[in-house]
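A short write-up of the structure that comes next.
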Amino acid sequence: MTRSPASNVHDNPFMKPMEWISLALLAAVIFLVLPMLLDAFRLNLVGKYLTYSFVALGLVICWGFGGILSLGQGVFFGLGGYLMAMYLKLEASSIENTKIQSTPGIPDFMDWNQITALPWFWKPFTSLPFTILAVLVVPALFAFVIGTAMFRRRVGGTYFAIITQAIAAILTILIVGQQGYTGGINGITDLRTLHGWDIRTDSAHNILYFVNGGLLVACILFAQYVKRSKLGRILLAMRDKEDRVRFSGYQVASFKTFAFCLAAVFAAIGGAMFTLQVGFMSPSFVGIVPSIEMVIYAAVGGRLSLFGAVWGTLLVNWAKTTFSESFPELWLFGLGALFIAVVLAFPNGLAGIYRTYVEPRLTRRVKALEPAPAVALPHAAE
Amino acid sequence: MLGDYSLTDLSSIFVMQGFAGLILFSVYTLMALGLAIIFGQMGVINMAHGEFMILGAYMTYLCSGFFQTHLPALFPAYFFVAMALAFLASGALGMLVEWALIRHLYKRPLDTLLATWGLSLILQQAYRTIFGPREVGVELPAWLIGSVQVTDTIEIPINGMFVMAVTLLITAGVALLMYRSRFGAQVRAVVQNRPMAGAVGIDTEKVDRLTFGLGCGIAGIAGSAFTMVGSTGPTSGQLYIVDTFLIVVFGGAASLLGTIASAFSISQTQSTLEFFLSGSTAKVITLLSVVGILMLRPQGLFTLKVRR
Amino acid sequence: MNAAILPSHLIGADPAEKNFLLAVEGLTVSFDGFKAVNDVSFYVDPNEIRVIIGPNGAGKTTVLDLICGRTKASSGSIKYKGQELTKLSESAIVLAGVGRKFQTPSIYDDLTVFENLEISYPRGRSVLGALTFKRDAQVRDRIEEVASMIFLKDQLLERAEFLSHGQKQWLEIGMLLIQDPELLMLDEPVAGMSVGERIKTAELLNEIIKGRSVLVIEHDMKFVEDIAHRVTVLHQGKVLSEGSMERVKNDPKVIEVYLGH
């Protein structure tokens, strides 16, 4: 640090130079490299992975920073996905599309289950603005209720993990059991258009991929805003010495609830984008298994690193696709070993490895090359 | 819905469902006992607990096959051998896992959760590779088949009574071990104050390993009992893990009595509801009420009040 | 040293007549039948330094826990400037003006000294406030001012984890200073400190008590004698003796507890 005036030392820039580079790198890969290298099918697959990284991003805030491990993030991913799927399904179930049904105009699975009228909670989902609002608000409210109930009573750590896991189990059983209202185990399938725009074509997939990428970058920037605010530091402080924060005049429960709600909203955005790009939503993305798998994305990337969360998600899913295509038997061994290795050997994931091994050399080199900062610093958006 | 049944019908239903619930209760209790020791006493979240149970179930399956082909004369008694083997196999694997994995993570409970989840994936795939993806069942010896007719409408299966008896014995044994024996005192000493326990000459590492092994071993016996009520597949254990954790938390993690009471109330609620509602609705209602109660009373049913 | 200005006859006076900063009356808490604090009453004046002493297990830390809301009282009342504290949440008690330092240094290892102090800065304590909190010149100046008071001006950018034990204690005292409480409660502030650090801490305490009341738990009798206006002796959850250090030292009951059998 050669900048001498004392006040500058305590500046709190929106992002440090290295973070700007990371963002630029990630954006370049998402928006330029992958679209140029991959065919439409593979690009859609990457788009699907990127929707998971919204969940991982939320977990970084909630688990990495706040120390609150939720094993039920699939619930929020699923909520976002299902709410979006409800809208798309209603649009696909127009009277003329469904005229062969005994009750035309309602989703096919309802017809199969002898339901003759659209249930009340499906009705508002004919409106796209309502749906978008619901995708953001419903998971946040749900997380708020759970968070307030639990954190007010000082439930944390392992208990919270177990209870969120139970909630994921309950929601899965409920969705599977209530076929007539939810599509059951198959989920909501055969989705066609978004406000009249066919989402099944390659060009639609392509556009949705870029929309997804844009939303992800927006979420990263918001997460970064939270991370560098005092709230971000309070989360870290709370994880370390909860009582000290409490006796410094903060309502610890509200801060935890905020982190949990933010993670829920991120996950829900991911879920909604998943439905749009993949064209269906099913309970297999809601339960315990996907929820815990999403935790490992954040853990592999580094539980304290926003960018790491995205890279971790991409890497694990790429490995999953590659391995399960060629050695399906080995994949579960590999995934299991990955869990253990990350926890035992690399608790800070890829970001930790980068920080210990790569960054010191990099900065040494950059400093050796030129004395001034290597990158022109964009002005912090304060 | 109750109005459709006569009073005698209803009482029979409650007795029969109650008994069906008791078998579920036995499996839950054995699973939860092991977990209560590991989670309640050691604070380790063992997500692979279901896979330890399934190891016991596979051991029982192997035993039944072995006795059928090689020692048909002793077949009626094979179940006792199988239970001992299940205990030893799961216990030994548990001790190995403690040594290789858990002992590095005592200060990071949330990380034990992730690591043991990884372990559970590996074990599931190992079972799939060794025993095949299809579910297997065991052959019961003749004396365990059939039921006792109590009244015209009530009959009680013998294997159910057997499982109950085993559960009672093991529960009593665990209670004696934890509250009356020197080992139990050492376990509690280590749990309450690790450095102090070490200072007075308790080999804390050995106590940890034995405690974890004991918990896993009991899960193995649960697996043995499980073969009587369900068929065994590579992922059967995973279905029970959430329920078991809820039972332990609901009972108040450190209390064995609480664990048993909570296993009883949860299994009875579920089993009774199942008769009137669909299985999935019964499960949802049971789990929801447990989660609801836990949100209001997070410390569980039985806990001591101490200075934090 | 200042005990003379606080006449001991006040101790028995009707509490309603006087403007106490803190009035603890009939305070009792039991854990499963064990009364860790049993019918404890004492009164602290504005600008008074009160030291609580007593053997291990006397209930000293529990009394502080009760005042700051960490433990809920079974019965009794704690009035701070006339406001009942037993019904308030921990954060509300802090906002009312009570600050507390823990026995083992309780600081945030992962944050820098600057950030540790910043978190205690009394602004932006709601979720929204914390999100929009700006590190302006006022905040910086105050933090730097406090940092030089607690001898950590040169360590502002260091991660708190790497401070020495004594420095961690000072940091926590500094965090309380920034909070600017009217009643400051310190649990063994010099425990585990070297002689040099201890002298500096006494200096620091003499500096920061200006304009506030302080409730201190301490074992170090030399230190107690240096700073205490009045001393309350707890024994087995009850008040055994109270008054100036001189008086307490010569109280036969106290001598028996400390030196007896």
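By letter and in written order, the chains are A, B and C; residue numbering begins at 1 in each of them.
Methods note: contacts are C-beta pairs under 8 Å (C-beta built on N, C-alpha and C of every residue); 3 or more make two chains touch, one makes a residue touch a chain.
Note that the structure is a prediction, hence the values are computed from the model and not measured.
Of all chains shown, the one whose average CA position lies nearest the global CA mean is A. Greatest Cα centroid separation from chain C: this falls to B. We define each chain's centre as the mean of its Cα atoms; on that basis chain B and chain C are separated by 49 Å. Distance from the chain A centre to the chain C centre is 44 Å, each centre being the mean of its Cα atoms. Taking each chain's centre as the average of its CA atoms, chain A and chain B sit 34 Å apart.
Shared contact sites, meaning residues of chain C that touch two or more other chains, fall at 70. Within the complex formed with chain A, the chain C residues making contact are 68, 70, 89-91, 94-95, 99-100, 102, 106-111, 114-116, 118-120, 122, 124-127, 130-135, 137, 140, 143-144, 156-157, 172, 175, 179.
On the side of chain A, the complex with chain B involves touching residues 69, 71, 146, 149-150, 153-155, 157-159, 161-163, 165-167, 169-170, 173-174, 176-177, 288-289, 292, 295-296, 299, 329, 332-333, 335-340, 342-344, 347. Within the complex formed with chain A, the residues of chain B that make contact are 39, 43, 45, 47, 101, 104-105, 108-111, 113-115, 117-122, 124-126, 128-129, 238, 242, 245-246, 249, 278, 280-281, 283-284, 287-288, 290-291, 294-296, 298.
Across the complex, chain A meets chain C through its residues 1, 6-7, 9-12, 225-226, 229-231, 233-234, 236-237, 240-241, 243-252, 254-255, 258, 382.
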